[in-house]
Structures are given as structure tokens and as C-alpha cells.
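Below are two complexes that have chain A in common, paired first with chain B and then with chain C.
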Partner chain A sequence: MANPRNLSSLQAKVWNGSIPLEIRLASSDCRTYDVSDPYLVMCPRLSYIPLLLPQLHAFFSPFLIDPDVAPSKGWLSFEDVPLKWHYPFGLLFDLYSGIDPATGPAPNEVELESQPRLSSGDDSESESGVLPWRLTIHYTEWPSRQLIQLDDNGKVMHDAFINSVKEADFLRNGTAKVVMSLSKADSTQLWNSVERMNLKNFNPINHKLLNPQGSNLRHIPMKLYLPHAAPASEEGAPAPGTVRVVQAVVTPLISNRQPQTLGTALKSVLPTLFPSTRRPMLAQPVLHGATVPLSANLHDLLRAAAYADGWLHVVVGMM
Partner chain B sequence: MEPLVSFPLITAWEFEQACQAIVTRFGLCGHLQNEWSRVELFKQDLAYLRITRTLHRAIDRAQSDSDEAEDEVHEDDEEALQSRSTGESEMRIEYEVFLSPIYQVPVLYINLEDRNGVVPPTIESLYEHVIPEQFKSHVRHFGVLGGITMADHPATNRPVFFVHPCNTVDALRASFQESKITSDKYILLWMGLVGGCAGLQVPTAIAIGQANSTHANGDAS
Partner chain C sequence: MSSPSPESSIAANLNIEGEDDATDIPLSMAASVVLTSLPRDAAQALEGAGELGVAKVLIRVVPVGSAPSLQQRRFWMKSSNNFEVIISSLRAKLKLKPHEGLHCYVNSVFAPAPDESVGNLWRCFKTNDELVVGYSITPAFG
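After this line comes the complex of A and B, so read on.
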């Protein structure tokens, strides 16, 4: 097991990770014939779309055809793919941005590159490069086949988050009793810390969730996301942006007391994509924008690099 | 039929048996009831059962939502009847039963389909049209939003409603004290416990029907 200090510094890095976004109003919602100004923001990777909606609404309301539309009617798309609001931003970016984590731009390049665009807004120039990530916000034509509607009080988002936390808890302990027995104050603090991206307030509650008394870790909460793979559905062609999500029961140890690594887990769940437990051959696992070595100890990875809902949301990218 | 090996949990193989048992029951006794209109078993990557109910009553209610509409119905009853009999405004509820890889028990997904788009697939519609009155407050006070929440459909990855499975294991254990249960009885027991709050009831004709005549081909699709 890795040094706890290394794990917590890695966790802090994960929580500090953010993505530069350039968000424009859909022209069908915009009262001026030309496009409106873009909204530029550094968005935490672990945050969620609904948490950004109030400020987007405040910024775009002067441009809206219907200025009375509720902030919760806003939805984001990337290249015509409606973005699932219950996926964290980092997961959405890793799934759809098309950036190769192995060859993507270095952080300092990104800053230099994005600087002139703040004022120019020249589209022909901004075709090059993935960053900032360019999204569109819509306030009409909610894509109800793809997205569940939000409510004005943020309860739908909160509920989706808590449900995800419960599932992770059930996998870790075999019951969801740990999260269900959190005090009201604790569960409020948990969600507030995510809303405000406050790791210091998050960790005391997370510690309670990860270290319940008299219970050993049973399974690692891990979901694998395969972009562009058709889902196992009976209905025709997949919609653009279709993702197949694979979930399997993964134990922290493989027999003979050997710890489970990312490689051993991937080989057992997706053997055709991961024929080797040591070397990526056809596909590679991406987490928080980075390619993760297959030798990573899965339990360590869970403690250092889980999303705020307690899950490892790993994107499987083809090489 | 063999008893389940690790009740209250169910294995993938047992789950498929259980779904097949419901399809068989429907094939034998489906014509004796009109609650369920279709029962299908899908066996792609993930095996799952789909039970379809068609709701006409709910649409009547949706139409009478505004007073204006109600007045019109009274004034011109003939036309109102006509529009209903054409079946244009029918809402379908699709109940889909999957095996949860997390909880290792069946999970209920609920999909609302209104061809005319009168009823949006929102949580409010679900409460108004699907959840029986006696369960409303119980379901609402369960989670942040209630015992029913949204999730991605395991096969299509589209948003659907589902009933929280996190208490299913305890509920199953508490309601069946004996040690042996077949997959057929298990799925009926599960539907009784979990389905009710979402308006999924096993029609009496299907519940008492003989599912033991194993060679009947009950595939409705």
C-alpha cells in the first residue's frame, strides 16, 4: 500500500484539476442575430453541470429570447451531443473532448494558446486545439430522450449524487448502511463540500465513508466508459455520443493475497480490449485526463483518485 | 425448478430463469387479464424482462388538467370520445427488470412513453400517473427525492426512472423465512415487494396461473 501522504497529495491534485471552458449560447436561444459573447470559466473537473447553471444564466440572460426562463432549463452540448449532467465535468471531457491524454497539450501551452482568444473570438483561428473546451448552452428543446429534466431547487442533482454515493457504499461494504446512517449534518456537509469543491470539508465525511467500523473493503466501485461503442440495445443505430458503460464486481485482492491492479481488473472485465495485465495493447484507461499505468494498485487508486461520489469513472480509450 | 443458491441474492443464470418463468406465465394466462399488454424477454449482453402497460385513464386525467379542457369535454362529448377511441393519446409504461451487478438483486426501471408528448417524462409525471396514491408519501420521503430516482438505462444508457435497490435485499430476507425458494416464486415475491410502489402488480390471473407446464411457449414478442 502506498504512503498515505502521497495518496492525499495526489487526491489534492485531483480536486484541483480543472478544465477551461468556452460556453456560447445556442443561436436559437439568442435574441441578437449574431452570436453572443462567450462565457469563459475554469471549471473543476469534479464538479457538475447543474452547479454551473446559475452563473451561466446570470451571464446569458441579457441575450436570451426568453429572459424569464429558469436557470435549471439550461443544458450543455458538445458538437451536438447533449452532455449528461450527472457525469462530472472531468468524465465528460475525458469521454468527448477527443484529446489524447498521452499527447495532449502541456498545461503552459494551453494558457498561452487560450489567451488571445479571450478577446478575439475568431472562430477560424480557434479551430485548432481542443482547449478551451467549447460547449453550447441551450435553454429550449430539452433533449428528453437523453437527459432527465432538472428542478429549480437542485434536488434532482442532489438526489443523483447521493444515489451514486450509496451505490459506491454498497459495493465497498455490502450494505448502504454507512451512508444511510450519516447524520443529517454530515450528509449536508458532504454535498456542500462538492458544491463548493472544498476538499477540507469533504475529507472528514469521506473518511467516515471509506473506513466504517468492523467492515473490510469488499469491492472497488469502478465504472468503465467505452465511447463510441454501441450499447447492447435492441433499438437501431446508436445516437451520437453514445457511450457504453460497463460495471463489474471487482475485488481489492485477487486470490493468493495479491492486490488487484488496474491491469488485472481490466483484463478480467474487458479481456478482448486488455489482453495483457501489464501493457496496454489496444486500449488505455484514462482517469482525470491522465493515462493510468496498468500496474496501479486499485485500492490506492480508489483512495487517491476517486470522484466525489466515491467511484472510479474510468474512460477506456482506443489506442 | 431448483431453489436459489444464495437467497436473497440471485445469480445471472437464475435471473434469466426467473424472467423466463414470467414470460411463460404470461403466455399461458395473459389472455385472462388486461393489466399487462406485453411481456418480453431480451437476451442480448444483459438479459432483461420488459412488461408493458398501457394507460388510458391517466391521459383522461391529463386532458382534464385545465378547467377549460374539461368544459369542452362536457360541451362536445362526442368529439372527446372519438379522440380517445382512436387511441392517439395513449401512454405506455414500460417496466424493465434487470439484474443489478452491484446489488445482485433484480432492479426495476420505469420508462414513460407518450406518443403525443402530452406527458413529459419527468418525475412529476411519474407521481401523477404511475405511482399509486397509497405509496406516494412513502416513496417521496425515502431519499432526497424519494425511493424512485433517475439513472441511465443499463442497455440504452438513456435516462429512466428506477426504484432504489439498496433495501431490496433486506426486504426479501424479511419476507421469506424459509430456506428454499425457486426463481419463479422469487420473482413474484420481488415484484410484490418492489413493484407495488411503481404501479407494477402481478395480475391475479398470472399470479395463480400454472407456470409448471414448462413446454408452453410464452414469448409474446
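After this line comes the complex of A and C, so read on.
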């Protein structure tokens, strides 16, 4: 088991991670002939789209065809794919941006102080670069097949988050007694700490969730996101693929003594993609924009690098 | 001929419910490009990776609070369907009007996102090979 101090320092890094976003208003929602100014923001990786919607609405309302539209009617897309608001930004970025963590900007470069691709001063480079991540905001034509409608007072987002926390809790303990027994104040503090990205307020509650009295950790809450190619088209032109989410029961130990590593877990859930527990052969796990060593102890990883809802959301990138 | 397993005898008079197509999430072009140039062995390894290997799973539905009970409390569903198919199928069975709410909970604990796959939920939360879904007209287990 890793040194607790190292785990907290890694957790603090994960919470500080952010992604530069450049958000433009969809031309169909924009009343000026020319496109409006983009909204630029450093967005925490652990945050959620609905938490950004009030500021986006405030910024874009002078350009909106319907200025009375509610902020909660806003939805984001990347390359015409509607972004799921119940996925954290970091997961959406790792899943959709197409950035290869092995060759892309190093994680520390993605943090606040620099925007590496833009600062090069080379226009063609910044055009083709992934950063800032360029998204589009829409206020009409809600994609109801893909996204649940949000409400004005944030209850839908809150409930989705809490249910995800409960699902994780159920996997960890075999019951959801721990999360159900949180006081109203604790439960409010948990969500408020995510809204404000306040790790100091998050940790006391998270500690209660991760260290329940008289109960041992049963399973590690982990979801794996696998890209799939579309069937080859006749013209041979690449077509957008799909994502498959895989969730399986993963125990913290694989025998009395031997802890589960990311490698042993991946080999057991995705044996064709991870034939070796030690060395990535065909695919590699990506978490918070970084490739994670297969030797990582999964229980340590859960404590240091889980998303705020208690899950390890791991994107499987093909090599 | 061998005797049917307990599971298949239950299955005998239950229809499989749900949509025909798997409802995978669309991927962006930026993330798709790399997939088109994968070597054959990698593409083969990816194909079918993480699939449940079970085409259909048993769902047991349980009324919560004042929700009306159903005669048929158990049905098969394609594992590739999303949880929203269970919700809409229950709405239809209960003949709910559009304004009437329906809240569905796995093991009477949490409400999965509508886009979570039935196969994933069954794999992680099944009891005696059934995914137990509580349903309520008013919100429960808040």
C-alpha cells in the first residue's frame, strides 16, 4: 500500500487538473451574421457541464436568437457528438478529443499556466492542435435521444451525481448503507464541494465513504470506456465509431496476499486487449489524461485518482 | 435430449423485451481516426472485448410504496439494451400517462443513468441471476 502522503498529493493533482476550453455558440442559435466571440475557460477535469452553463449563458445571451432561453437548455457538442452532461469533463476529453496521452502535452503543461500548442505562434499548428478543446454550445434542438433534459434549479444534475455515488458505494460495500447514512449536511457538503471544486471540503465526506466502520472493501468501482470503429464504409472514408462502456465486478485482492493491480483487473475483464498483466500490448489505460502503469495498485488508485463520484472512469486507448 | 435448466424453464413462457439494436454511444471523429488504421490483430482483439457473452438477462420488477404491482414480475431483456428500455417498458406495462413519473432503482438503492447498459448492471448487481428493479411513482430512496 502506498504512502498516504503520496496518495493525497496525487489526489490534489487530480483535483487541480483542468482543460482549456474554447466554446462557440452554434450558428443556428446566433443572431449575428458573423459568428460570436468564443468563450475561453480553464475547466476542472472533475467538474460537470451543467456547472458551467450559468456562465456560458451569461456570456452568450447578447448573441442568442432567443435571449429568454433558460441556461439549463444549453448543451455542448464536439464534432457533432452531444456531450453527456453526467460524465465529468475529464472523461469526456479523454474519450473524445483524440489526444494521445503518450505524445500529447504532458499533464503538467495542461495545467493553468500554459497552453502549449497555442503559444507556439504557428497558426497551422494551433489549427490542428487539440488544445484548447473546441466545443459548440447549443440552445435549441436538444438531443433527447442522447441526453436527459436538465432543470433550472440543478436538481437533475445533483440527483444524477448522488445516484452515481450510491452505485459506487453499493459496489464498495455490497450495500449502500454508508452513503444512505450520511447526514443531510454531509450529503450537501459532498455536492457543494464538487460544485466549487473544493477538495478540502470534499475529503472529510469522502473519508467517511471510503472507510466505513466494520466493513471491508468488496469491489473497486471501475468503468472502462472502449472505442469501437464503425464498419468500413464503401468509399473507404473514415466514419465515426462508437463507445462501449464495460463495467465488471473487480475485487481489491486477487488472492489472500496479492493485491489487484490495474493490469490484473484489465486482463481479467478485457483479456483480448490486455493479454499481459504487466505490459500494454495492444491498448493502454488512460485516466485523467495520463496513461497509467499496469502495475498500479487498484485500491491505491481508487483512493488517489477516483473521480468525485467515487468511480475510476478509465478510457481504453488503442496503441 | 437433456432436461432444460431451471433458467430456460422460466424462459419458456417469457418473451424477450427490448429493442433490437444495441445503443452504443457515438464516438467523435477525432477519436475514431486512429481506429481505422489499427492492425488486424488489434482490431480483432477490440471486437467483442468486454461483451457480457450472455445475450439476454432476467429482470425482476418489484413495486415500491404505493406503486401498483404487475402480474408478470419477471421478464427477459437483451443485455445490450440500456436501462431506459426497462423504464419505458415498465411505463407501458403500468399504462402511465406522460405526466406521471416513474422512478426505477436497482436493488432499491440507486437509480442508474438511463444510458447504463442492462448487461453491465446485471453483471455487477444481480441477485440469483436476476437484476432486481424497484419502481415507484413518487421518488423513493432519496
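Miscellaneous remarks
Definition applied: the second predicted complex is superposed on the first by the 284 of 319 C-alpha atoms of A that agree within 3 Å, B and C clash if a C-alpha of one lies under 4 Å from a C-alpha of the other, contacts with A are read in each partner's own complex, and residues count from 1 in each chain.
Please note the rule applied: contacts are C-beta pairs under 8 Å (C-beta built on N, C-alpha and C of every residue); 3 or more make two chains touch, one makes a residue touch a chain.
A quick note: this is a predicted structure, and the numbers were derived from the prediction, not measured.
Taken together in the superposed arrangement on chain A, chain B and chain C clash. Shared-chain residue A:Val245: touches chain B and chain C both. Touch criterion not met for A:Asp68: it reaches neither chain B nor chain C. When the two structures are aligned on the shared chain, A:Leu95 is found in touch with chain C, with no touch to chain B. Shared-chain residue A:Phe170: touches chain B and chain C both. Of the two partner chains placed by the overlay, only chain B lies in contact with A:Lys155; chain C stays clear of it.
With both complexes superposed, C is the one of chain B and chain C in contact with more chain A residues.
In the superposition on chain A, contact of A:Ser144 is made with chain B only, not with chain C.
Put simply, chain A uses residues 84, 86, 146, 148, 159-160, 163, 166-167, 170-171, 176, 180, 232, 242-245, 247-249 to touch chain B in one complex and chain C in the other.
The residues of chain B lying in touch with chain A in their complex are 42, 44-46, 101-103, 120-123, 143-145, 149-152, 154-159, 164, 166.
Remark: chain A residues 78-79, 81, 84, 86, 95-98, 100, 130, 146, 148, 159-160, 163-164, 166-167, 170-171, 175-176, 180, 219, 224, 226-230, 232, 238-249, 269-270, 272-273, 282-283, 318-319 touch chain C in the complex. In the complex of the two chains, the chain C residues touching chain A come out as 24-36, 38, 41-46, 48-50, 106-107, 109-117, 120-121, 123-125, 141. Those residues of chain A lying in contact with chain B across their complex are 84, 86, 144-149, 151, 155-156, 158-160, 162-163, 166-167, 170-171, 176, 180, 231-235, 242-245, 247-249.
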